[in-house]
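What follows is a pair of complexes built around subunit A, which joins subunit B in one and subunit C in the other.
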Partner chain A sequence: MYRISKDKVNDIAAALAEEHTLYAPALQRETLQVMFTQIKDLARINLTAALPLVPPKHVVFPQFGRTLSYAYDKAKQEVKFTPETDNSPKALFGVRACDLTGIQCLDRFYLGQDFVDEVYRDHRKKMFIVANTCVTPFRECFCSCMDSGPSAREGFDMNLTDLGNEYLIEIGSEKGETLAKKLSLASAPESAKRDREKAVDKSLSLFSKTAKDNKAWISRVVNRVTTGLFDEKAWTYIGDQCLECGACSFVCPSCSCFNVVDSVTGKDSAERTRTWDSCSFEGYSRMAGGHNPRKPVEDRRSKRCFCKLSYSQSKKYLRHGCVGCGRCAWVCPGDIGMPNVVTYIRREITKKGQ
Partner chain B sequence: MLDMRGNDVAGVFPVRNHPVSKGRLCVRGWHVHELINSNERIKTPLIRKDGVLVPATYEEAIALLVENLSRYKNDAADNTGFLASPRASNEENFLLMKLARSVFNTSNICLDSDPGHRNSIDVMHAGTGMAGMIGSLEDIARAEYLLVLGSDITKQNPIIGSELHMAARAGAKLVTIDTRNTQIAHLSDRFIQLKPGSYKVALAYMATVLLEERRTDEDFIKRQTEGYDGFVGCLSFLKESEVEEKTGIDLESLKETARELARAKTAMAFFSSGISGFDRDTIGYLFNLFMLAGKIGKEGCGVNPITGICNLQGSYDMGIAPDLLTGYQSITDAAVRDKFNKEWNVRLSARPGRPIDDLLMDRSRGLKALVAVDHDETVIRHHDEIDAIEFVAYIGTYHNPFADLADVVLPIASYIESDGTFTNTERRVQLFREKRKPLDGIMPGWELYTAIAKAAGASWTYTSPADVMGEIARLTPEYSDIRYDKLTDSFGIQWPCTADNPGGTPRFSIEKAAKKITFVPTDWSFMVPPVSEEYPVQLVIGEAQHFWHQNNLMKKTTIPLREYNATLLLYPQGYVAVSPEDAKRLTVRDRANVKIISPYGSMEAMVQITDKVKPNTAYVAYFVDDMVTRFFLAHKSVMKRGEDETVPLSIVKE
Partner chain C sequence: MSDNTTIPEVVTVDEIRDEIVDVKTFYLSFDERPGKKPFAFKSGQFIMCTVFGAGEFAVSLPACPENDRFHLTVRRTGKVTNALHELKPGDKIGVRGPFGNGFPFEDIQSKNIIYVGGGIGIIPLRSSIMHVMQNNQKFGRILMFYGARTPRDLMYQYNLKEWKTAPGFETFIAIDNPMPGWDGPTGFVHTLIKNADIPVKDTVAFVCGPPMMFNAVIKELLSRGLDEHSIISTLERHMKCGIGKCQHCSIGRTLVCTDGPVYTYHQIKTLGEQI
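Moving on to the complex of A and B:
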């Protein structure tokens, strides 16, 4: 464990920027909202800013990107494939715990199963992650209910916790240790651990002021979503309000679905692009031949919640798919973000006679 | 906001602080980067040689364009036409309008894909002097009563649909009047499913209820309005005994809807202004009904046409109409022409032009030269007529069926490669900044139009889109205090924005109005489309989430294209939606082939069985190329008038 004074914390970012493309939270000038995008002017980094509008998922998994181009050589009767992956070193500085948890879900989906996804692997390969504890929760967050915050427990190289006048730095990897040594960071006394626990406990205690409605209900809703033991009318009620825009998936730190399209670029050449996809679209679950097991919108909504809340899905991520960041509620035009879904299912299961 | 990585666009970000979108995007917005990344971009100017389009330089292509248009210059008012794009920026459309009028001597300039919005603008202007939406989207949260008419608003305009849904959840009364049981109908407190073509009757009846039950806002009417007696006179021609038969709705629900409107302190109406929009008279009745209820010009009130294309409102603001200069100033007004003549150093003709659609339909008025920008509609409706024109130029960013008929093709940069302003449905002028330099040396629209004008001998000196806005502001009272430095880092300004009112005008306000507002003139015919034994079904035309006009833009994306294809795979030639009762009567299943026959033509289609339409009503999403060419070509006049006009049909099993 190390510590660093607040005015020096950007030294870590500066050291990372030497060898990495640096991504960090900053207030965007035009819109005055917090963005987690590439940053060149380190003075703009804002570690106390609210949860960024979108998670840093787009760094490891861009919304749209070419992954391959290929050309046919007529004379030689040969096809030349040129994979396009990006293994340049990237650093995420000041990632909130929920967003880091999202990246871990993506890791398990893309790297932890039978097939390793090369495109994702290359984005992720040389990544340095500096996490940042939320010492006060933001208004719409419920990470405490989803066991993904307010402080990261794993998956980081360094983890910052604001202790008032300085940052405590926990080390999570050899890379982190090397950087700490390189920067000659001052080591923190054993007592700092207790201070950190105190800060996290205080943050947790603040959740009861903001996340009051649904918090205690998530585990019960997880149980019911898994077993299906509630009236399906709740899904119809939710589905009726879905505008099928895909926003919930696009801003979700753990949503990993994508679509692949090959398009012609010239007479004998083509390229392959990969784009984000969403289970809210009808075409998402349509099979070759036209059958669609999830044609009605409510069936697609239940699929999403199954992915985020059910036990069976948790086996894949080794945790819930939902990380409790609350962004789906920010962007949903139908007002059926995850907290409201939990509320509606709760309403269904607390009806008399159940 | 775009996820720019150097010159690449990797995705989009929503804007949570935006006062209207509040972090929401529609399905089209979430995929706009796919369009920008399309491989169908036009990468070089093209000239037709021996029947084939071959690459050329801008100099050659511009010279060819100018040479041809100059040839017709003396009779340009009769033989030259310009089709502008509702997706182009204000600056581009202003310059195109100036090019047509001041350089090539013609006022034959219009948008074609949207006759509906002109109807709305005319009514709002006649009533209040404000030629656009008179309410404000931010006011939705302040309205007690929200009325949606004839619009599948959560699919067509999801952000506004969302705002209405949120307001209803927060306690506002949401009422939908439609021929189809749409999503917003599901989410409404009250849904009235009318017979097609009877909106006007229903609205007029609601107005008579207010009069008979003395629920009108008499004080407001007396002090603030004129034209009341004329409207009341029109209403006297409505026979109560016929209302139920004509609308298919029991009188009590219409009465209750009218009473709720009167009782609410604040109320707003929303309807779409496009191919599925209303005819002028229906909009007039809606406006006048809200006048009776005293729901015009106050906070949380207003009658609000919703434009479906990004710069539809702005295009009309820029004078893209045969009879209008910028800001709804009439070309027949000598004082207005004087102002433009001085600024432009020309002598504009007082004669209004004609819509291109009319010129194409009327072969005797032989159009000889046509310049089209980024169009998809006219070319499908009038393929043969356009093919017969001597000289056709196409200006656009992406390949388009128009280019196949063009003698010269001039590419322009996409909207992210130039600064420009767009005016949304609530008159909000928003600045979009250049995000990357144009690729492959392609010119932005404003630069191209300036180059064309110079080649034709005009002395245009614009050095940036901001310059162009300066000129727009000088010539247009509503835009007179709009400047790029004010728009920078803002979420836009709603016009009128003048020196006295530099912050703009969120909504039309009765206190600030210079004169009394007017009940708009309406007619007193309450005809509904006839149904006969031979043609018992009424066909309505509309739009849906993934289907928008000819889908020229959607077809250049990935995910929305898949969604579009998912429907096409089920219904390869499109579909006609019928009720389960009609399907039973016809003894057909979903996807069965039927023939639909109207007095003007017939076509084969598949049926889609849905409870969204009532018996004897059929619905067609206006999107499938084949359907438009093969069937609707026979119904051009119907398409032009909008949704309130319907096609009488019979459906037979194949």
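Moving on to the complex of A and C:
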């Protein structure tokens, strides 16, 4: 464990920026929204700003990304492929615990199943992650329900915790240790561990009423979502409020569905692009003949919540798919973010006679 | 695991055969594969087929894995399949795969087999039928029920003749409505089964066809006493990657590309979604 004074914390970012493309939370001047964005001017980094509007998912899994370009010379009947992956060094500075958990979900899903996704693997290859503990929760936060915060426990190279006058730095990897040595960071006393625990406990006590209420209920809701043992009308109720905009998936740190499109770029050349997709869209499961096995909006809602909450899906992520960042609740125009879905299902299973 | 999971492999279209209206069979040959094993697949698996400049789609493999010319049979339905139908012999396409689990042939040795196909649903079954036909001494009774809208919609005419006379095969072919020139049975496939004497004990049924037909056939087979575990089908889904990452093909807790496309009816029923 090390410590660093508050005015020096950007030294870590500066050291990382030497060899990495640096991404950190910063206030966007035009919109006054906090964005997790590429940083060229270190003074823009804001570690105390609210949870970024969009998670750092876009760094490991870009919203639009060319994965392959190819040229087909029809006269000569020759095909030439150029795979395009990006394995440049990247550093994420000041990642919140929920977002880090989201990246872990993506790691386990993309790298740990039957096949390894080469595009994702290359993005993730040379990455340095500095996590940041949330000493105060933000609006709609419910990571305490989802066991993903407010402080990260694994998956980081360095983890910062604001202890008032200084930052406590925990080291999570050899890379982290090397950087700490390089910066000659002062080591922290053993008592700092207790200060950190106090800060996390204080943060937990500040969570909203919804998060506190749902905490005890989450495992029962998960059980019922997995088994489907509750009145399906709950999904109709939720589906009726869905505007099918797909915003919940786009701001979700663990949503990983993508679409693949081939588009012509020249006379003989074309490219294959991977873009984010959402299971909320009607066209998501529609097949070429027009048959759509998941057409009704409530089925699509049910699908997304199954993906985020069920035990069966947890096998893929080795945890819940939902990381409790609460972004779906901020952005949802129909007010059916994950905390509300949990509340509705809870209401359904506690009705008389269930 | 195959080594063409991300980058397609180039194959040449050797010959194109018209099957029925809007359905063509494309015979393909692989370009040189230096240092690689010859392309091999299991009956019931699928590939991702790239039509250059148009896109990629998932398609079943109708060829017999052991001794058959490698081919795809595709109906013209969307952007990519339309582009495929425009191709001429000598053109190149891309192939990734094979993917998926395939039919469980190890578990069904010496059992009776019932094939039920509707329309172009016979395409994914063809590979299995050819395999069983060549190894018919390893199985019990072999029954085949096949239905299409009109005689002109019957797929694989040249194979149907073969199957009708193949030793050990009991073949039943019907069209939906009576038509001049058709002297065979008429009606939907499940009514064919209703009137036939089918084995129930030690029997496996392979069912593939449009959802309406599928549900009717399942109902009929179950009422005759067949077990949910011994009704096998292969499902189709919108697929983008074939390697279990894009998740477009998810049904309940499974992904059709890696956990399927071959499912038992018991699995399909417990997935909790429409087929």
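Here, the second predicted complex is superposed on the first by the 341 of 354 C-alpha atoms of A that agree within 3 Å, B and C clash if a C-alpha of one lies under 4 Å from a C-alpha of the other, contacts with A are read in each partner's own complex, and residues count from 1 in each chain.
Please note the rule applied: a contact is a pair of C-beta atoms (placed from the backbone, for glycine too) under 8 Å apart; a residue touches a chain by one contact, two chains touch by 3 or more.
It should be emphasised that the depicted structure is a prediction, and the values quoted were computed from it without experimental measurement.
Engineer: Report clash or fit for the pair subunit B and subunit C bound to subunit A in the combined superposed model.
Structural biologist: fit
Engineer: For A:286, is the partner it touches subunit B (first), subunit C (second), both, or none of the two (neither)?
Structural biologist: In the superposition, A:286 contacts both subunit B and subunit C.
Engineer: Touching A:29 in the superposition: subunit B (first), subunit C (second), both, neither?
Structural biologist: Once the two structures are laid over each other on A, A:29 reaches subunit B alone.
Engineer: Regarding the shared-chain residue A:259, is it in contact with subunit B (first), subunit C (second), both, or neither?
Structural biologist: both
Engineer: For A:83, select first, second, both or neither according to whether it touches subunit B, subunit C, the two together, or no partner.
Structural biologist: Only subunit C; A:83 stays clear of subunit B.
Engineer: For A:118 in the superposed arrangement: first (subunit B), second (subunit C), both or neither?
Structural biologist: After superposition on chain A, A:118 lies in contact with subunit C alone.
Engineer: After lining up the shared chain so the two structures overlap, which partner does A:64 touch, if you call subunit B first and subunit C second: first, second, both or neither?
Structural biologist: So A:64 only meets subunit B here.
Engineer: Could you work out the angle between subunit B and subunit C as seen from subunit A, using CA centres and rounding to the nearest 10 degrees?
Structural biologist: 80
Engineer: Between subunit B (first) and subunit C (second), which does A:277 come into contact with in this model arrangement: first, second, both, or neither?
Structural biologist: So A:277 meets both subunit B and subunit C here.
Engineer: Scan A:244 for contacts with subunit B and subunit C and give back first, second, both or neither.
Structural biologist: first
Engineer: Classify the contacts of A:312 with the two partner chains as first (subunit B alone), second (subunit C alone), both, or neither.
Structural biologist: In the superposed model, A:312 contacts subunit C only, not subunit B.
Engineer: Can you report the least C-alpha distance between subunit B and subunit C in the superposed arrangement, rounded to whole Å?
Structural biologist: 7
Engineer: Both subunit B and subunit C contact which residues of subunit A?
Structural biologist: In subunit A, residues 259, 261, 264, 277, 286 are touched by subunit B and also by subunit C.
Engineer: Residues of subunit A touching subunit C in their complex?
Structural biologist: 67-68, 70, 72, 74, 77, 79, 81, 83, 109-110, 113-115, 117-120, 228, 256-262, 264, 270, 272, 277, 279, 284-289, 291, 293-294, 299, 303, 306-307, 310, 312-313
Engineer: Would you pull the subunit B residues touching subunit A in the complex into a rising list?
Structural biologist: 1, 3, 5, 9-18, 23-27, 30, 33-34, 37, 39, 154-155, 158-159, 161-162, 165-166, 169, 183, 186-187, 489, 545, 558-559, 562-563, 565-566, 569-570
Engineer: Write out the stretch or stretches of subunit A touching subunit B in their complex.
Structural biologist: 28-33, 35, 37-38, 53-54, 58, 62-65, 240-241, 243-247, 250-251, 259, 261, 263-265, 273, 275-278, 281-283, 286, 290, 292, 330-335
Engineer: Where on subunit C is subunit A touching in the complex?
Structural biologist: 1, 5-8, 10, 12, 50, 52-57, 75, 77-78, 80-81, 90-92, 94, 210-211, 236-238, 240-241, 243-248, 250-253, 258, 272-275
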